[in-house]
Each structure stands twice: as C-alpha cells, then as structure tokens.
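In the two assemblies presented below, chain A is common to both, partnered first by chain B and then by chain C.
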Partner chain A sequence: MSCENPSVDKDALMARRPKFDKTKQCVKCKERTGNVVIRHAVYCKSCFFPLISTRFRKSLEPSVNPTPDGPRRKALKASGSLLVGLSGGLGSTVMLDLVAKTYFGAPSVADLGEEAPPSKPKGGKEHPRNMTGKDSEIWRGVPAVCYVEVCGAFPGAEDRTERVRQVVESYATTSPPFAFDFIPLRLEDAFDLEWWKGVGELLFTPPPSSTPILALQAYLSSLPTQTAIHSATQTLVRLLLLYTAASRRASHVLLGTSLTSLSVNLISGIAQGAGFSVAEEAMEEWRGEGKSGELTPPIRIVRPLRDVGMKECAIWAWWCGLRIVGRERYLGGTQGIGSLTRNFITGLERDYPATVSTIARTCAKLTPKEGSDGVCLLCQRPAQHGVQEWKSRTSIRSYNHASFSSSGHERPPHLANATDRPQHRTEPSPSSHLTPHLCYACHTTLTSRSSRGNVKQTSDSKVVPLPLWVGASLSLVPTSEDSSGEVWATRRMGDGEMKAAIGDLLLNDS
Partner chain B sequence: MAPQTCAICQKAKAMVKRPKTGEQICRECFFYVFETEVHNTITQANLFKPGDRVAIGASGGKDSTVLAYVMKMLNERYQYGLELFLLSIDEGITGYRDDSLETVKRNQQQYDMPLKILSYDELYGWTMDAIVSQVGRKNNCTFCGVFRRQALDRGAAMLNVDHIVTGHNADDIAETVLMNIMRGDIARLGRCTSICTQGEDTIRRSKPFKYAYEKEIVMYAYFKKLDYFSTECIYSPDAYRGHARVFLKDLEAARPSAIIDIIHSGEAFEVREEVKATQRVQQVCQRCGYMSSNALCKACTLLEGLERGMANSGITDRARKKLDAEGPAPDNLRTIPFFKPPSGGPLIAIESVS
Partner chain C sequence: MSTDSNTMFLKIEFGGGLELLFSNQRSHRITIPSTVPADNNTSVTTKDAASPATRPADVTYLLHHLRDHLLKEREELFMENGTVRPGILVLINDTDWELEGEGEYLLKDGDEIVLISTLHGG
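Showing the complex of A and B:
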C-alpha cells in the first residue's frame, strides 16, 4: 500500500522531466539500449556514428561541385584542391577525422568498433571512398591541413605546432595510410613579406619595419578593446588560411565550426555590427588576388559540422579515441564580447538544448538588405556603403563633419557666438583614407573604445603595421577623384602615408 | 591633473563621459548631440509632415517623459509644425500606474499638451488587477502586452491623430533583435528595427529614440531635472527577456558601442524573399475590426477566454481546444468596440490644459 500523503500538492511530487524521451532504447534501430542522449533523443553507439557522418556529408557535399546539380554521390568532383583548417580544438579535430574516414580511406568507425568489418564495401562500389585511381579523387591533388599558431600574439602561450603535426601525421600510420600535407603557419605571417611573396603579388614595398612578430604585436596592441583583439585574431587566421588555400589552387576550405560555435559566432558577430555578413558566417565564397594580380577562382569556405553540436563532437572524439591538442582560446578575457557570448550561449544550450539550432536556423533565413558595393580591405567580406554617414548621424562626434554642416543644423547655444569653430585634428583627404574601405564591423573593431579604460597601448609605435593584404589591396583601390577608373599600379607606401591612411584610427596619439 | 576639455567643442570643461561613445564632453554638447541625433533620426526617416497630429505614448517613466520634452523642443526648434498630444494607458494596476499617471498629468501642464488617458477597464471591461486575480502571475504579461498595443491604437483613433511616437530606446531595440534571433521569430525580427511601422488600418507608430541609449536618456532627464517615476511592474517580469537584458548589459560594459552595433546589424539584414512568402498575410479581426493574423485578433481571443472563465485558452493550444469543445462564443459575450481608423475630427472629448 502506498504511504503517499494525500494532502501534499501533486505538483510538488512530480518527477523532473527525464533527460530523454519515453524509452531507453535507441530511437533509430529500436533494438539496442541507448548510450547517448542528444536533444532528448536516445541513440546507441552503433547508430551514433552514421548519424554524425550523415549530417557531416549533408552539410558538405551539396557545395562540393561547382554547380550543385545531378546525383551528388556519384559525381562529386570539386574544381580544385582541399584545405582543412585545424585549430587543435575539438571541432576541427573531429572534422579532420570525419574527412579522413569519409573521403580518404582511413579505417571507419565500424572497423574500429566491436563489429566485424563488412564483407561488402560500405556504401557500395560507387561510393567515392571505395573507388580507386583517378575516379576516387573528389578534390585535386593532395589535401592539406593548415594550422595557424597564435602563440606569437599572446606572450606565454604554448607553441602547439609539433603536437598538432603529430595529430595530422597519425593518419599516415593507419591502415590504409593516408598522408595529408601539413602546412604550419604562424599568426605573424600576416606581416611577413616572405610568406606574402609565396601567396600574393608584391605591388608595394611595406615600410622597413621590425620583425613580423613585433609588427603583429604592434598591430594587436594598437586595438582599443579586448574584444577587438579577439576578432582581429580571428580575421587574421581566416585570411591566412584563405590566401594559403588560393596559393594551392584550393576550391574548398573546411573549418570545424560546430553548431554551438556557429551560434556563438553569429551572435557575437551581430553584437559587433557584422549583421551585413551574417550569411557568410555559415557559408561563404571568397576570391582573392593571386600572385599575378588577377582574381583567383572562388574558394568555398564550408563548415561541415554546422549541424553537429559540441556535445556530439565530444562524444565522437571520446569513442574514436581522438587526441585533442587544445587551442589557445583567446576570447578577449572575461570582458570580451567573444567570451561573454560563449558563456551566454553555452549556458542557454544547457537549459534549452534547442536554442543553438534555433539561432543558426534563424540566421540562415537572413540575407543582406542591399547589394554590396565593395569588399572590406581588412576582412575581405562584402562591405555596405554609407556606413560612415550612418555612424556620424547616430553618434555625433564633431560639429565639423560634412553631414552635420550640410544638414542645416544650428550651432549649439554655447557656441553660437563663438567666431572660431572648434579645432579638430585635420582629417586626411578621403581618398587616402583607409576608413571608406572598411566594413562596419572592422571599422568598429579598430575604433570603438571600452568604457573601462583602454587596453595597454605601446607608446613608441607611431605607425601601426597592417596585414600585408590590406596594403596590397589599398594600392589597388581607385581614388575617389579618379573618375576614369584608372587603377594605381605600383606605389610605395611610406611611413607618413601609412600614418595618414589610418590617422583616424590611431588612438595612441591622444 | 588639469580638467579635460570637451572632446566635441574643445572649449568647455568636460562634465560627462558619454555612454554611447565613451567621449568626455561638456553638458551643453551632451544636450545638443542628444537632441540632434533624435532630430537626425526623425528627418532621415521623414517621419512627419507639417500639420501632422502626433500622440506621444506617455507612461510617466523616463523614456516617455524625456520624449515628450524633446519632441516639444524639436518641434519648436526645427519648425516641424506638429500638433502634439499625450496619450496614456491605465492598465489598472494598483500602486503601479497611479503615481506615474500623476507625472503625465504634470507633463500635460508643463508642456501645454492635451492629454487622453484610456483605461483597460474602459476598453476591455477588465483591469490588470482583475486579470491577474483570474490567470495568476504567470502569463499575465501576455494579456498586458496585447491589450496595451491595441489600446494605444484605439486611443490614437479617438484623438484622431496620424501618428503615435513611443519611447522605445536603443537598448530595447537591441534586446529585441537578440531575443527574436534566439526565439526564431522571423516575422518580428524582420520588422523590429524599422523606425516606423504601419498596418493597413492602423496608425503609424515610430520610435524617435531608436538610437538613444537608455543611460543617456536617464542622464538627460537628470541634467534637465525632469522628474519621472521609475517603478517596476509589480507583476512578474518576463524571465526570458530578463536573460537577454542581462546579456546586453554585459555586452555594453565590454564595449559601449555594442548596443548601436546590434541595431546596425539588425538594419543590415532582412528575411529572405522565399521565407517571407511563407509568412501569414495580415487580415482584419472578424469581431473587432483590428488588424490580425487570424480570424480573431489576439486581444479578442484573450478577452473571450477571460469572459468565459478559461483565461488560458489564449495561451495554450490545449486550453484553446477545450474552449472550442464547449461550443461557439455566446451572443451576449462582452467584446471590444469595433475599431474605426481615424477620420475627420476627434471622436472623443480630450482633456485640455486647464
């Protein structure tokens, strides 16, 4: 007989909602007992692997062919080679594993697990994995894995290049072996002429500055907030990967952004004013300038784990015994928008597991409001026009600004009788200005200040070095007065000129 | 240490650190840039034309108090040629609205503007106190929000105005952008950054404080010595909105431009055409004539639930089915008066300044 107390409120006795729905049986095979719970659904170990690899392929394969038509599985043929970005973190390590196992013959999970290897080739003989010779190649040439070491930006950080190299080389010892080309880069390569000579055309001679690492540190220390350092680092890594990919004639760059990281990037991007390029966060196409100055063929940046959450990645890594090197996750300290967003989203994901997927799906339904009239020199994503007018209209910083005086505003009462206008630093002419060539988010990164005192800035550097692609592109930008559309071919960027170009962005003069 | 000079005029002594930009500026420049930015917002969107009758949604809180002051001043300074009114909604929450309505009445005197107070009781036959006593503290915000929006439009129709301006500030809009993304509310995300919204049969609504930071509004009220009531609603605050608000405040602390950056992001994108095609078409409520996405508008649905003693029928599908199972609404059901968009002169007597 039950000893329940009838006077107790029924609600108070209700059990908490179970973490999984209805049964402990796998929702897919409906036979075995489940091993993992993914968003309230239970999966067994055997069904988990195909679930993830299917999601991975579904995200990647529609964008492999230059035009997504025809029966995809039989005719996967990319127009160039493959470059995999590896940060050493969980997402990219899992993605490398999936790439190796799905397309390059590394032993599949079924072979590694308890089950006996199948007698028939898995996926049928037409599957790219089971084809031989030239037919088997989806991408041209040997695929590359590129790692960008960021320790140069953060003194005291560990150099993980060798440990990442071991992870990549471990695929050469599997059966059958497969060797990726390993390309180790460093963040300071963005300021290194030697690296740039290998990937881009040298149209200008940068000021004879110090070493690349000092240039990198000078660039980062000139930024006004912790948030800016984080996003500038992200941009440098992205562009280093892209230029490297272009130099290898790659058609695809794969990044290991999981669904969780994608949601964090989307919200953090929106919070930094990057709404115009919200679609680019999930999938983008980039064309750079090659060594001879012409535009390279388009490179697709695909995030094939964009439907796989962080938890699923961790389970994959655990069951496959993957070694996660870890990454230097600099999110701008506790006061950076990156880390605030990450904490916020992972907290929400814990309490409301569907949130990250909602964010990604909502943002996938968005498109830029108007066409773009150019590309931002710094991040090389589409830039919106009229950004500076918008900024000066919504946040007035000067009574001398053209948009202020032309709009017929009166003078403020306390200046009405003043004969002389307020003296402001003279702005360089718009044609020599970097500002018009930046997108909203990059301009904000370089100029928006923190309310809690600025990041410590170096006092001795009067000229802030910029990544080499900015200097190269700036030398190709037609001047606004140049109505004939003629392009400057070669021009030397001297110290003073560089200073004038970014004069408005330098904060250490004040 | 020598006192800082104003970063804008370079003459006067800097008095405030501007929340939006972090610049140290003098008090006069703060007033002037604050007002001019609101003016820029108004002119850029061509919000008004001379002769427009404009109602200021006045709650007695900081935003609407400053809005009334700034609207009156800009109207005179830049000769907008507007006829301004104050429109207040009395939700009927004892101890919450009483004091703030006193502020609105004082504003009526100070600014020499006609005032109309419209109560939920007058319009729907229910005060919020009565609603809470039936539905409890959970979900009562749904009733209040739906009823307030319609009440403002109906009040404006009574005043026969062309336009309602509300005190929504930049923080509110940035927060709404984030919330709509996290909730996947595509329809609202598409329109939440618009400065002006207008349904087919409703009155134009705009937000002249769209780019004004909440902190700057408080700072403006403080320096101008404008008095207002800062009372939190005594019924439960929305938990999810609370999360987003805290997050937004953290972002602002990390980088003050975050609020305006989010608004810029929200303005830079729109919903894809193919997604828009799947959204519902606006229609008119069969019972009260107000704009609606369904045959019955949300206010009529909620009111029917209240009247029939099943208040949750407007909130959960299960309760709605239960209500439907009990048959159609009785003929003698109390309903909202039929909505008539403004035409000709005022439909009601308004309180003029005594």
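Showing the complex of A and C:
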C-alpha cells in the first residue's frame, strides 16, 4: 500500500474496488447479464426472485413443524395458526408478499421472473415444495396480519391504519384471491383493560387510570432517555403481537426483520444491555399466560427475512410494484442509540456489504455463560441470574444512600437539581417489588439516566402505569418470602465464620 | 425524445418513500445538458462559463441536478459526500448502478433512472 499523501498526489489513492466479482454475468444461470449485485454476487432479474424466495423458505420452514423432521422434510404441519406482523415498513411489506405468494395462492414466485413457469412442477404436485398453504394447510385457520399503530405515543404522527388495511386487503383482489384477517391494534392497547380481557385473564385490580392513551403517555414520559422510549415502544409492539397471537392459538408469529434490521437490533440491543437475549433477537419461543392462567402452547417468533438484506427487499418491492406505506420510525432522536446504530450499519452495508451478515452470523454463535433466572415481566424474555446483585456491586444505586452522603461527594452537575424519579410500581400491591423480576436491559431502560438527551418530566404523578401483562404476572409471582416462609438475605461472612460453616466438609491436611 | 443534441431527456422515478422529498411525485421527466461543468455546478450552463472545464453528463451530475432543481426539502436525507446517502438504491435502466459504474455512468438520451429509499423501515 502506498504511503503518499492523497490530498496532494491523486495517484496515491488506491483504485476503487468494483462492487461485484469478476463479470457482469449472472452467477446462477451464467447466461444473462446481471441486474443486481447482492454481497458482491451478480444476479439477473429472472434468478433474483427464486433466490429471495428460497432464502425466505430456508429461514422459515425448518421451524414450522413442532419438531424438525430432519433433512428430508415430508410435510409441513404447524401446531397452530399463523400471525404476520406488519409495520407498514419495507421489510414487513415484502415478507407479507412472500408469505402470500409462497403459501396462500397469490401469483407464484415463478411467475415473476421472465421465464415462463414450467408446465409440470419439478418433483410432482404432491412434493412439499410445490404445495401452497391452501392445499397443504400448513397452518390452522385463517392467517392473520396484525398492525400496531404507534401514533398515540408520538403526538403529530400520522395514523396509517387505513393505508395498511388497504395493503392487506389488496391480496383479496389478486388471482387467485386470498383474504387475511386484518387485526389493527394500537400501542395504547397495552394499557387498555378491554384489550387485555380479550387476550389474558384479569387476576388483579389494575390501578385506576383515565384513558389508555394517557397511561401510555405517562409510561413513556417516565422513561429517563430518548433511547429508552424507542426501546420501550419496541417491547410494547412485540408483546402486543405475542398476546394477540396467543389469543388466536397461533403457533408462529412472523416478523419482517431483514438482515440489515437484525444487525441493527443486535448491535443496539447489546449497547443497551440486552446481550443476554442476543439469541432471542434472531429466533425465540414464547409462552404466555392464557385466559385460564395456564401457560399457552409455545409460539415461535420467526424472522424469515433474516438472510435477506434491505437492498434485496427494496428491489423486490420495486420489481413487484408493492406499495410501501412507511412507518413511524422513532429511533430516539438523532443521538439515540437506535438512530446511531442504524446510520452506522446502513453505511457499512453500502461500503462493505458482507460485513452486515457477519454481524448476524457472529451473534448467532453467542450463548449466555450463565443460565436464566426466569422470565422478565416487562419484555418476557429470559432474565439473567443475579443481575441486581451484580449491579449493586458495580454501580452507585442511590445518591441518598447513607454511606454515600457521609462521603461528602456531591451529585454530578447534570443531576444537581434532579428530584427522585417516580417509582415504577403497580397498585394496589405495593409489597410487590418490580426490580427483581426485570432483566438487565429492561431495568436499565427504566432507570438508567444519561448526561444528555434526558426526557423532560411531564407527569407529576409518583405512580407510573405499566403494561397490563406486568401487573398480571406480578400478581402471580411470590414475594420476597419463598413458599416455605423463609426469608433470604445476603451478607459478607468473616473467614472464621465461613470455615465453621463448611468445617465438616474440609479434608485434613494430614 | 430530445431533438436538441446538446440536451438529453431522462425519466426519473422515486420509490420507497423517497418521493416524499420530491413534492410527493413518483415520476418525473427532465431534460439536462449533454455536457456539464466538471464541478457539478447546476446553476450555470457550459455556454455561460468563462473557461469551463466540462465533461459528459453522468449520474453524479444528475444527482446534483435533482438536488438543486427537484428536491423540495431535507437535502441531508438525499445526498451525502457528493453521492446518494447510504440506504438509497439507484437503478439505471432496471439495473443496479453498481454494475454500471455508479456515479461515473455516462447518461444517454432516454435513460430511465430509479431511486429507491430503504430507510422507511422493516
């Protein structure tokens, strides 16, 4: 490599590497001139559609049957119905299109390329590859498309429900037609008793609140940072979809997270303390409490576009003429972790396209070192063991703590005038403390302040409403006393005391 | 098609929400000069310039032209460092611009350029 100064000597710059390998010919058919470059490989338009469709099926189908049937899958048969999450954004719109075309009789993927579909399907019409959802009945019942409108959280945002409904209903006019059930939800439903009565059981008396939308706004305004608002919104959407899926006895929830979005979610999740649930970000299985209070059958959350980048999604949407409604993307302002990560990954994808898939592949190899300590009540993902104990050792938990006050230190300047934050608790059971039942990421989201980008406190109330599933789960968990009535405490033991406690187990030196 | 050999006629399409920056109009038909200033200045024609350094019109010039004459708002969402912002795809006659030399592709009369945003979520 040259060491000359590129600003003076133009020849000092290294020659720009082309974005594609070798020739402009399609790497698959090796006949036609390519139309698109995907991670350095060139594909023509005819080969592009089956390529994306195959990646989609490869990501989804191994998780359709409750137990994998090995490499030679005989038939796909899910244990419940299907729920597709649609945000109105690019990824989920493309995913809905792929679901409709692959399994529910919309014009097939083979018809999209320039090649005429083969007159006789390869492998025969009974081959699982050639079966559509309609004739193979992979999922039970009518599949549903669920949209969560988030405009209630962000004043001034547009309500896109009707435009999304039109996208879903457009599949009823294709040939052959297929009608999905459209389920429009709103973010404030997480605080709405009427919605909760439809999906869960009311085992507790919720705190009186004026309206769900005010409760939602009070909840979001109690969060300490802009990043936390973004993160909390994502969690609310995810849980609204999951409880709705459980109420429809769904076995699969499909989300349109593309490879690009998955990499953004992984990096920004790790940056916000969600490293323990890295595996769940790509694929997870969830069991909720049903109306009778028992655990529902497991629901698999699958992201079938996790091997398809945002570029491929955009080209699919363009060539298929899909209408992208767009979504309200609140990433916590320009300095929010979500926004910074998305900008970074989008730039990385343009300059070094293969690196983005490396992020997802590397994260797929990660497993937590320690086991799980139950499920977080807020996000309902596995929570790490001993989080609070670890936090208490590594961080300053309270400025009002006696030993801290006596040390004579003052509060940092940005917190000098700060009053105590309202406590997150659920009435009317003040004895139930929420903190031990949260994962590290949710606890951080609710409590971690920042020296910049703090949200202005608008609510005077000391009681902040929580999503209804938190109250429902909190009413079921035991309090600090365990079932035998014992109370556990942790304290430091002296050497002598420790030796006495284990004395019977020690071996003699002789 | 253009009748003047000094200008060329192009069809521009916006997709994926990028049209919102261009008066919410998806399809535009524009005419640009065949020879353009080397510094991508779209306010002067090559005839006006005193000692113009010129070059044939390429996609980079077209991007500057779109920014200066068609873009209605928020320039930072369209261009960055003299090219399109990361996350915006360009198709030249239905082919990825990465196969055509990106900004260095020399435009021809009647070319169809598509700009698609991938930044509208997933």
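Quick note on the criterion: the second predicted complex is superposed on the first by the 403 of 510 C-alpha atoms of A that agree within 3 Å, B and C clash if a C-alpha of one lies under 4 Å from a C-alpha of the other, contacts with A are read in each partner's own complex, and residues count from 1 in each chain.
Just so we're on the same page, contacts are C-beta pairs under 8 Å (C-beta built on N, C-alpha and C of every residue); 3 or more make two chains touch, one makes a residue touch a chain.
Just so it is clear, the model here is predicted, and its values are computed rather than measured.
The larger set of touched chain A residues comes from B, when the choice is between chain B and chain C.
Of the two partner chains, neither chain B nor chain C is touched by A:Gln234. By the document's definition of touching, neither partner reaches A:Thr161: not chain B, not chain C. With both structures placed on the common chain, the touch criterion links A:Thr102 to neither chain B nor chain C.
Judged by the touch definition given at the top, the superposed model places A:Ser46 against neither chain B nor chain C.
Residues 15-17, 86-87, 89, 91, 94-96, 98-99, 102, 114, 116-122 of chain C are the ones touching chain A in the complex. Here chain A touches chain C in the complex through residues 18-20, 24, 33-37, 42, 45, 87-92, 256-258, 260-261, 305, 310-311, 313-315, 317-318, 324, 326-327, 329, 343, 346-347, 349-351, going by the rule given at the top.
Contacts from chain A toward chain B in the complex involve residues 225-227, 266-267, 269-276, 278-279, 332, 335-337, 340-341, 344, 348, 355, 358-359, 361-363, 365-369, 384, 390, 393-399, 404, 407, 409-410, 412-415, 418, 422-424, 440-441, 444, 448-452. Contact residues on chain B toward chain A in their complex (touch as defined above): 7-12, 17, 19-23, 26, 28-29, 31-33, 36-37, 39-41, 43-44, 77, 177-178, 180-186, 189, 211, 243, 247, 250-258, 260-262, 264-272, 275.
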